[in-house]
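Several structures are given next for inspection.
Paired with chain B in one complex and with chain C in the other, chain A is shared by the two complexes that follow.
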Partner chain A sequence: MMADAEPAGRPLLEVEALTKHFPVGRHLLRRAPRHVLRAVDGVSLTVARHSTLGLVGESGCGKSTLGRLMIRLLEPTSGRIVFDGIDIATADPAALRQMRSRFQMVFQDPLGSLDPRVRVGDSIAEPLGILGEGSPKRNLERAAQILSLVGLDPSVMGRYPHEFSGGQKQRISIARALIVSPQLIVADEPVSALDVSVRAQIVNLFQDVQEKLGLSYVFVSHDLGIVRHVADHVAIMYLGKLMEYGVAREVLREPAHPYTRALVATIPPPRPLKERPRAAIVGDLPNPIDIPRGCRFASRCPLVQPICREEEPELRALDDGRKAACHFA
Partner chain B sequence: MLNFILRRLATIPISILIVTAVTFFILRLTGDPVELYLDITRTPEQEALLRQELGLDQPLIVQYLQFLADIVRLDFGRSLQFQAPAIDIVVQRLGATFQLIGAALVIALVVGLVGGLVSARYKDRTADMVISSLAVAGQSMPSFWLGILLVQLFALNLGWLPTSGTGGWQHLVLPSVTLAAFIAPNLVLITRTSVLEITDELYVTTARSKGLPRLRILLRHILPNALNPIISFFGLQVGRLVGGSVVTETIFAWPGIGRLMIGAIYQRDVPVVVASVIIVALAIIIANLLVDLILSVVDPRIRLD
Partner chain C sequence: MFTPTVKIVLGAIVVAIFVLVAIFAPALAPYDPLKQDLFSRLVPPVWDARGSVSHILGTDGYGRDVFSRLIYGSRVSILVGVSSMLLSCLIGTLLGMMAGYNGGRTEQLIMRFADAHLAFPEILLAILVVAVLGGSLINIVIILGVSSWMVYARVVYGLTLSLKERPFIEAGRSHGASASYLIRRHIFPHLLPMIVVVSTLQVAQMILTETALSFLGLGLPPPTPSWGNVLAEGRDRLFVAPWVANSAGVAIILMVWGVNTLGNGLRERLDPKAAGRG
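What follows is the complex of A and B.
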């Protein structure tokens, strides 16, 4: 499952200097916005074939925005998104539509991501009919196959989304993503909205599917415990930028960046001990509209030095190959 | 479903009871029936005889029960202006009102849906600004005034359409446009809001992520889901339409129930007033029941039982 095993020699997805700025507080008459919110502020990373990239960070740091940008559900402000050798950041709408089935998304909210008026069988089979593959009957058969793959009985195809539990709905969402045989699925907090008791089942489902079909995931989560379990690589994000990026096992075992270290300290240990280290990050997230000069983590960093408030550290490679954006890593 | 319909039908008598009670007591408060039937030259003997005949010497509650019993038999008495049973006259006029309201509904629906969709599609662009401003302006403009303007322009100045009355479809144009103006501006804004809301739903994003064509996404996923508030809106607006039709029929001399009612009130033709109030109330109740049924048919989440 490692990046080294790439068949084509090049990564599945390569993101370069990607930015997304949201205008906020637009003037009534003038076109120019009053401020910009730099939700994603120059992110570069790769997703290897048949592997999982975990994307971690606090709420509001831009994980969802980055996830949507990667498959161009949002228009990037600048940067390159190269999917299997093709730049989809600049692809025209027709070409993009041709490619869309190769990358899919699964969302956090299992209810909101299913059309309440469409039977789940039709919901899953819909793209097949439109993208013109087989007869309606063949398409429903295919939907039935996919449903069994995600652990649901095909007899549920005629039901509506509201008749299912959260975990079942998430299985349906996964089936709907899988029907077009994607090479990449961006899963945006796919288990956070579920009961704790079913989270593990869905996480395992993601892993089983990956093993069977050999696809790649970008797995967004703020739960480092789950990321440690599913991810091959991990990218730690803070206020729109990557703070640390590397092989998940290494980064999480021995964080190089103070922010990663603080996050790791909050993971509950595998076997609950009497005392857990808690609330290792103090202070509030700075306002993303007004990102401070220098290192953006400086205001909360326990190791902050004068240089941190002056100069923004680059994301640079360390000796063991991982990258970190800290003057002292 | 059947259960639901039966339960709703069962509430009709209660609504009717309230409507009749209000009607009855307002009528009694605003005038003595004897004055309607006998003129100034009446003798006290004639008056006493009539009071006895009409049961006016009975206690009020007995009179009300009598009034109710008549209504249940659809016996509203004879019209004072027209020499015929009041109910027959009302039923005769019902067709014209249905025609007017039906045409207005179609116009409002087309204008509202198309306007709302275009506005949502070009959100914050020129088309949206124009449509939204027109809708807001339309909301605040009294519709009867629009009716008068329309008459001035299309009937008097241009001479394209008749000012009033009935006949061919030309006669229906100005009244139905005027009546449509009672609800179309609201409908544009509601459609716009609800389409924009649904456009942000994750299942719409998902549909886009499949590379489905835009039109397909609009017709299959956005529009059906945006429909709930629009249909509910109609339920709430039926009363407004009926009120609007009274105004419109009066402006355009349209021979519907609204104009009949106004005339009957001026003439103190009580049987016709009562008959039309009850029939209109029934129609509004049934229209609301229909709206609920339609909602449950188009939305699988709504279970009526």
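What follows is the complex of A and C.
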């Protein structure tokens, strides 16, 4: 895959200082919320054309929220989302609806994301209908083509979602995202609900489709093993902020941030009996509505120094071009 | 595959008989339900020693044939029951979906209004409206329809609330679908079974309320052959001619039992989880 070669021209998607705050609780009389949960707290990154960005972090770190913000399934609190030169963070609903076909989403739960009362052929063709494109008959023909692209026989179009296995349902969801020929697919944990035995098949399907159609992915996952396999770039998130961001191969081979190092240490090794460094991550995530001063990872960091509890480190570029938010990287 | 249960079949047969009777009333009724015959007043039914075959269920105080009046009365009951059910179903489903899907202030407004309306006795409202506007078929339908939309609104609101969190709704939004599209294509079809069940049970309720209104003299004006009117007329001579009120009562019981059995059968079939609840 095209790991380091940055394609000419502007990137497909640019996210700048993106934040998403959720109000939590409310005062009895005042309008203002009691607390604010900063699910995404000032994230900037880019997605290159024909490449895959892996978005990694523990559950609750805001990676799924960030994925949804990128295609504006959630309203950002502030920041810019520039898709192919157009700011979609501020686009009005009508203009946004026109653009929706260019970025699609594949969800974690393949059963839930298909309406159980709709035949899969109609489900796959539906996005074309919403766009107001083509006749129903032409759209169904198109659905049949896409279905064979994702490795299912078009003869299953008349069946209902519950008649398929998890892997097949995820293929159907992918077909549904692909039918409008998007340039970007945000995949939110697309294989974590599947049996281990079919995960590899679906991951390979994502890669085959990328080879054939040349689109970009944002691959949201907590599984570094899979991300290492599919991603060209990787962004490591912790409590709504990026901890480390760079070319996947380099970041995962030689992590600069202690958090990344701890995550990498949890990847099952190819030879389990060989000695390896002990996982250096202890304790739970701090309460995300009450993030402590200083570095947000300080409470669990094995290398913590007094400065870490005082001053929050900026995400800064290191010598090899990657970025890390650590005073000691 | 939809396999009907005993309750559904039994209820459907009873309801079908009443519907057929209502449709073919002119052919089935032996007499004009309004024709008075003062020479054959208070003739007992056929099983009484003094009864005659010409009036199977006897006659009332004006010599009108009770059987014919009941046959025509089924038209009123079914017409009022079904059309007021449709009206309340329409209002309640629309408002319930709006409250559930939009949430926020819309939800507060609609659902709090429903709570307030639910606390207000239906009969009292009916008395008020009839006193002001008079009792006609259309007025009765409107009163009954408007005063029971809350049942639908509450059921539909709850279901919509949980449906809109299902991932396929978010998937639809990611494809650029509008709210009205999602409600039409992906929420309403899931509500339909529950709406059918509530509607069926509601028809029985409407028929009973219409009867009660007519009995109180707040329904259709007296000569009209409605079951409630027959019941009210029979009440005056309950000890002299019990057959008038009794046959109206039996007709009401049979009809309501049939509709309720059908409704409960559908509920158990379509929504097994709710079957235990009252």
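Rule of thumb we're sticking to: the second predicted complex is superposed on the first by the 310 of 329 C-alpha atoms of A that agree within 3 Å, B and C clash if a C-alpha of one lies under 4 Å from a C-alpha of the other, contacts with A are read in each partner's own complex, and residues count from 1 in each chain.
Everything below uses one rule, namely that a contact is a pair of C-beta atoms (placed from the backbone, for glycine too) under 8 Å apart; a residue touches a chain by one contact, two chains touch by 3 or more.
Keep in mind that what you see is a predicted model, and the values were worked out from it rather than measured.
J.: Do chain B and chain C fit side by side on chain A in the superposed arrangement, or is it a clash?
T.: clash
J.: Quick check on the superposed pair: does A:Ser113 touch chain B, chain C, both, or neither? Answer first, second, both or neither.
T.: Touch status of A:Ser113: both partners.
J.: Looking at the overlay, what does A:Ala91 touch: chain B (first), chain C (second), both, or neither?
T.: neither
J.: Output check: A:His162 vs chain B and chain C. Expected answer is one of first, second, both, neither. What do you get?
T.: A:His162 contacts chain B only, not chain C.
J.: Could you look at A:Val247 and tell me whether it touches chain B, chain C, both or neither (first, second, both, neither)?
T.: Neither chain B nor chain C is touched by A:Val247.
J.: Taking the options 6-14, 24-32 or 60-68, which segment of chain C carries the C-alpha atoms that clash with chain B in the overlay?
T.: For chain C, the listed stretch overlapping chain B after superposition is 6-14.
J.: Would you mind listing the overlap between the chain B footprint and the chain C footprint on chain A?
T.: Shared contact residues on chain A (touching chain B in one complex, chain C in the other): 71, 73, 96-98, 100-101, 104-105, 107, 109, 112-115, 117-118, 126-127, 130-131, 173, 176, 180.
J.: For a test of understanding, state which residues of chain C touch chain A in their complex under the given definition.
T.: These residues of chain C touch chain A: 166-168, 170-178, 181, 186, 189-190.
J.: Spell out the part of chain A that touches chain C in their complex, as residue ranges.
T.: Touching chain C: residues 71, 73, 96-98, 100-101, 104-105, 107, 109, 112-115, 117-118, 126-127, 130-131, 173, 176, 180 of chain A.
J.: Going by the contact rule at the top, pick out the chain B residues touching chain A in the complex.
T.: Spelled out, the residues of chain B in touch with chain A are 201-203, 205-213, 216, 220-221, 224-225, 298-301.
J.: What residues of chain A sit close enough to touch chain B in their complex?
T.: Touching chain B: residues 71, 73, 96-101, 103-105, 107, 109, 112-118, 126-127, 130-131, 160, 162, 173, 176, 180 of chain A.
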